[in-house]
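Note that chain A is present in both complexes that follow, paired respectively with chain B and with chain C.
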Partner chain A sequence: MGEVEKTFISGLKEELVEEKVIDESQLDPNFAKEIKKYGGKDVMTCLQCGNCTGVCPISLKIDYKTRSIIKYCQFGLRTYTLGTRWVCATCYRCYEHCPADINPAEVMIALRHIAVREGVIPPFIKVAATNLVRYGQSVKPDEEINKIRKELGLGDIHTFSPDFKKVLREISVLIHASKYDKLIGIEDEVMV
Partner chain B sequence: MGSPEPLKKDPVTSTPPATGTETTTPRIGVFVCHCGSNIAGVVDCPRVTEVASKMPGVVVARDNKYTCSDLGQDEIVKAIVEAKVDRVVIASCSPRMHEPTFRACIQRAGLNPYVLHMVNIREQCSWVHNQEKQRATEKAIDLVRMGVSKAARLIPLEAREVPVEPKALIVGGGVAGIQAALDLGNMGFKVYLVESKPSIGGVMAQLDKTFPTGDCAICILAPKMVELARHPNVTLLSYSEVEEVKGYIGNYEVKVRRKSRYVHEDKCVGCGVCAEVCPVKVDNEFDMGFGKRKAIYVPFPQAVPLKYTIDKENCLHFKTGKCLLCVKECTNKAIDHKMEDEVLDLKVGTIIVATGFQTYVPMKKGVYKYWEYENVITALELERLLNASGPTGGHLIRPSDQKTPRRVAFIQCVGSRNKKIDRNYCSRVCCMYAIKNAQIIKEHEPGTEIAVYYNDIRAFGKGFEELYHRVREEFGVEFIRGRPAKLSENRETKSIMIRAEETLMSKITEREFDLIVLSVGLLPSEGSKRIGKTLGLSLSSDGFFAEAHPKLRPVDTATDGVFLAGCAQSPKDIPDSVAQAKAAASSAAAIMFSGKVKIEPLTVEVDESLCVGCGLCVEQCPYGAPELIQNEEGRTRARIIEALCHGCGTCAASCPQNAITAKQFTDEQICSELTAALSQNGQAKTAGKKAEEGV
Partner chain C sequence: MTSYAYFFGCVIPNRYPGVEYAVRWVCGKEGYDMDVKDVPDFSCCPVPGIFYSTDKETWLLLATRNLVLAQDERREILTVCNGCLTSLMKASEYLKDPKSMGKVNRVLAQVGKKYTGVPKKSEGKRKVFEPVSVRHYIEVMANDIGLEAIAAKAKRPLKNIKVAVHYGCHYLRPTESRTIDDPNNPVLLDKIVEACGATSVDYEDKLDCCGAGGGVRSHVVDLANSLTQDKCRNISDVGADCIVTGCPFCLLQFDNAQKSFSKDGIPVMHVSQFQALSMGIDPISLGFDTHHVSAHSLLRKLRGA
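The block that comes next holds the complex of A and B.
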């Protein structure tokens, strides 16, 4: 497994991919509707031409096939995409090229919504959310970043300035009010 | 055009006599159709019938499983006779479907065919409300109530007959137009074939071979072209455009502009001496820009008519006023730079539209880099490169270095099946022409490596699947299921790398090819828009002309006497185009053989005492039916040319004086329908609601 794959989908490898026969019990005909509910377009219109995979910058790095994920969605094989749905960078190139006018990137986002609501949350999401609460951004700021900023002639990162406390508080309030903390499981971090 | 006599105020039918008149109380019969489960699956038909039987004026109400069947029709006839019915309401499908059927049916029972009112409880009720059965039934009852109310006020009308000119106009000289012209000519009708290009032949003349049999396209087409040109009944008007069409079925008046060739057709013998001396060389559009032609030219050697044409834009004489080398050389004195366009007036009874198609032009900034990479060509360009009489004499070369390509890729569905560019339809021929061309390349150069990038292969016609098999088995052509995502050119070799997901392997592939052929889709031809507007033809969602009924009237249009043939109607291959041309010719002949045609009496009439001659109706009418005349008292009044009127009612709605009445859509009839719609069991619905709300 490559580095990228490890970071993003460790612990979420599709369990069922190895199965030789897919029986009826695994199929969910309502899955496409569910995806629509969470903002994806109708995956049933996909022609399976593979153009999305071909243009995807991620597919060149790891074993990730946009087209296959859409196919699993058509069948309603919910657990088949547990890990891969998180690797999409939402660059929207697939959408630009799709002849069926589906937006695979937004399907991925819808899949993530569904996963989170089902309680399947990869560790890096929790980390990012925690960072957001603590530092006001999803990437943890450190001395390394400050060093680069200095070299570029920029000031210290805003997170460390005392004025930023107020902003952090506002972020916490928002996260709590939208129940995002509960959804992701970071209630302890949020001070309201 | 002979102006028909003005209508009498109250037309009285002669055949058959109307049993109902204004004075007696109408006796209405209501017939509710189940249409199998199409209607009855949603609407409670027996209940609709029961409620209808109690509506004012209704003397008989029946429901039937299939009203349009022989049995169903017999039941209507029986009920009409038994209950002495004089107005008929049939609640079933759209009148577009069966109005003629039921008109004939009640005529058999001795009624005037126009005392029929059809209520649409299928398309406008059961099909659209299939989730709400209870409310659909209520709506059906309301619709029937409206229909009964209108039926009580129906007036018997009489259809008129007009003579038919036994001549046909065919627009477009491709294979469909040629076939239709030959068929009609052979039946003995006078035919005018109008073609906008200098030669007939259409796109088929440009092709190399035809699928699935591999016949040389021009070899099978040229004899037909020659036969047409020599046919005594056919007048070939090449390099001409239809300017204007007026009139109606059986009596169309057409203006055709004969564009000036600057060469007299009667004098030119096609010797070609003029072209030899002409100093101007330009790209030949017939060869898709690969070959050259002169400014005075015939597009291809087998052109019909074999008459030279001067291309005004490039001719040196038109640019500088000098040269005239061709004039000096022409022994027959056929060339005349001062020649002018000529306008012909034709009178025809029927028109066949065979305006064909044009191929999709890849986008300027598209993924497939047609405009950037020299070695990306379209399929029609490949046809010219493979053609023995083409610019390379049939030797396949690639444009960048004129060398024979060793690796060729076809990319399918370019400009077809793509929602992004609003081309949702399948062009139906690209799969097969790509397969056919792959075979031809393999036959010319067996060592060539060929890959076809496809989404789905559609080999549906006779002998198509066998050809698909053959290219895979005998010729080893590779088929890769996947839409290419990226093309990138090697700057030195000018070869092109294709990246695509081979979806069946779920692997991304990158392969290099020397030549890329885009299998471009078919679009309606540019000129078809104008001719469609002139004839008032409607378009389908794909932009091609709409047929009158997708299954049962595939070559007819909504305009009577106008038929469709070939790719003007939808993308199709040569066998289908020829078959449709023959169908259109036979449909047109059926009208012309009978010599007369019935004109629908659902038209409008003008009350001269109310008309002030403002002329608004003349401006509004899409068919040119109203005209302004001076009456006996010398006052300007509008009059309707009945044969031109389609009964659309636009003039009636716009007349500020209410002087125009649309027959069977009078204010009284429509108001009675509305009143019925707003009432429930004889009481106004709104009043009931107000009572509920305690207002």
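The block that comes next holds the complex of A and C.
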């Protein structure tokens, strides 16, 4: 087997954990517990074998090392995980290759839960959530496509049917009940 | 005969209506005449990269709402998208835990819905429920319709067509609660393409991610496109005429990303469109004009010109 070629995309580099100087004040002893609370497994059982990084398609493109991120989580280096929370493609290859059954992809998902609760919400999350409340779908309907639908004899997207208003009301009720509207900052006028 | 409910999701109806047409055509009178119905109250699955990633409670509520609709119709959900499959299937798994089910039902009561699962049989006074079944188009075609039936309906000669299949991550993984296909050596999509009469060609890193999933496309599009570029390089190295996938989000990624690194690009389509082509549909009905990468090179080859 030849060596795998890494072609990094600029601006998305980070250092190896081993190269960093860690200050004790940066350590959050409750971080691992918090990850468990949001559905991640116990990061303390990670063996640091590095299989997850080896199979990660993203790690070939940016200096994103799943193993290092799990290490940061063990140390409680909360701020170190900030830049890499939204680059995981959730392909779950790491899960299939993890001998300690950590499921690193689910740890990334738990980190995202923590991020939005810290108020770090990437715009695409807000857009998709707003689309869901407004149209019942996370993708915004498109006029041109609707024309082509009609040409094909498919009829309107069901979002536009008057009967769908009831569905939008139900979605609003559920999103309000789980306080997702407040969490993500979906504007009040969008809610039915 | 199994009864299904169409679950088209968001991307197909709003971006690739040709896929919706192809699925309805293959499942309908022109094709296998299956018992499959529209449930107009279905909403977004909801998309795992957004909702499962940021608040599992909200994700489960919205997914269960969809499952209840299928449960009340006593139908299996027929998804045409890997994202919808993984979101709904995972929700159905979560709801096996009575505590989760109870918690979700307390909130769903506010909209007059209740998840129980589908009643299967009665043991004395006790009813036995089964989780709502969530299926993928590829697997339904391969297992319920069968490869022989697919081959029997393949009228258009496709022998010269070389196809690169792309499964997509969430069709294969995670395997914690299910396996549709072997995650390390999946075969069903290849077999469908072969049953249609075409040749499925092997290529390097066939099971790699398209790059779009988990919000990567929305968040860092260059990163997503860079992964797609690697895949497309491997695909064009083996001289494939088109890419066939079972996931509209992978389709969208291949279709959009190719603009960023190549002039012509390799045509890409959903497995239902390819199947309909093999069954002799007029390609004009497949909505290829909504695809960014033109399908002309493939259609020309089909006409033998």
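The rule is short, and it goes like this: the second predicted complex is superposed on the first by the 149 of 192 C-alpha atoms of A that agree within 3 Å, B and C clash if a C-alpha of one lies under 4 Å from a C-alpha of the other, contacts with A are read in each partner's own complex, and residues count from 1 in each chain.
Rule of thumb we're sticking to: contacts are C-beta pairs under 8 Å (C-beta built on N, C-alpha and C of every residue); 3 or more make two chains touch, one makes a residue touch a chain.
From a predicted model like this one, the values you see are computed outputs, not experimental measurements.
Superposition of the two complexes onto chain A shows chain B and chain C fitting side by side, with no clash. Judged by the touch definition given at the top, the superposed model places A:68 against chain B, while chain C stays out of reach.
After overlaying the two complexes on the shared chain, residue contacts for A:57 are found with chain C alone; chain B is out of touch.
Once the two structures are superposed, chain B and chain C can be ranked by residues of chain A touched, with C on top. Once the two complexes are laid over each other on the shared chain, residue contacts for A:100 go to chain B alone; chain C is not touched. When the two structures are aligned on the shared chain, A:22 is found in touch with neither chain B nor chain C. In the superposed pair of complexes, A:48 makes contact with chain B only, with no contact to chain C.
Distance between chain B and chain C in the overlay is 7 Å (nearest C-alpha pair, rounded to whole angstrom).
Overlap of the chain B and chain C interfaces on chain A comprises no residues. Residue ranges of chain B in contact with chain A, taken from their complex: 367, 413, 417-420, 455-456, 481-486, 499-503, 506, 508. Those residues of chain A lying in contact with chain C across their complex are 7, 9, 12, 38-39, 57-58, 61-62, 86-93, 95-96, 103, 105, 108-109, 112-113, 116, 121-122, 124-125, 128-129, 132, 136-142, 145, 148-149, 152-154, 157-158, 161, 163-164, 166-167, 170-171, 173-175, 177-178, 180, 183-184.
The part of chain A that touches chain B in the complex is made up of residues 45, 47-51, 53-55, 59-60, 65, 67-68, 97-101.
Residues 10-11, 13-15, 17-18, 20-21, 24, 40-41, 43-44, 46-58, 61-62, 65, 107-108, 110-111, 113, 169-170, 173-176, 183-184, 208-209, 211-216, 218-220, 222-224, 226-227, 285, 287, 289-290 of chain C touch chain A in their complex.
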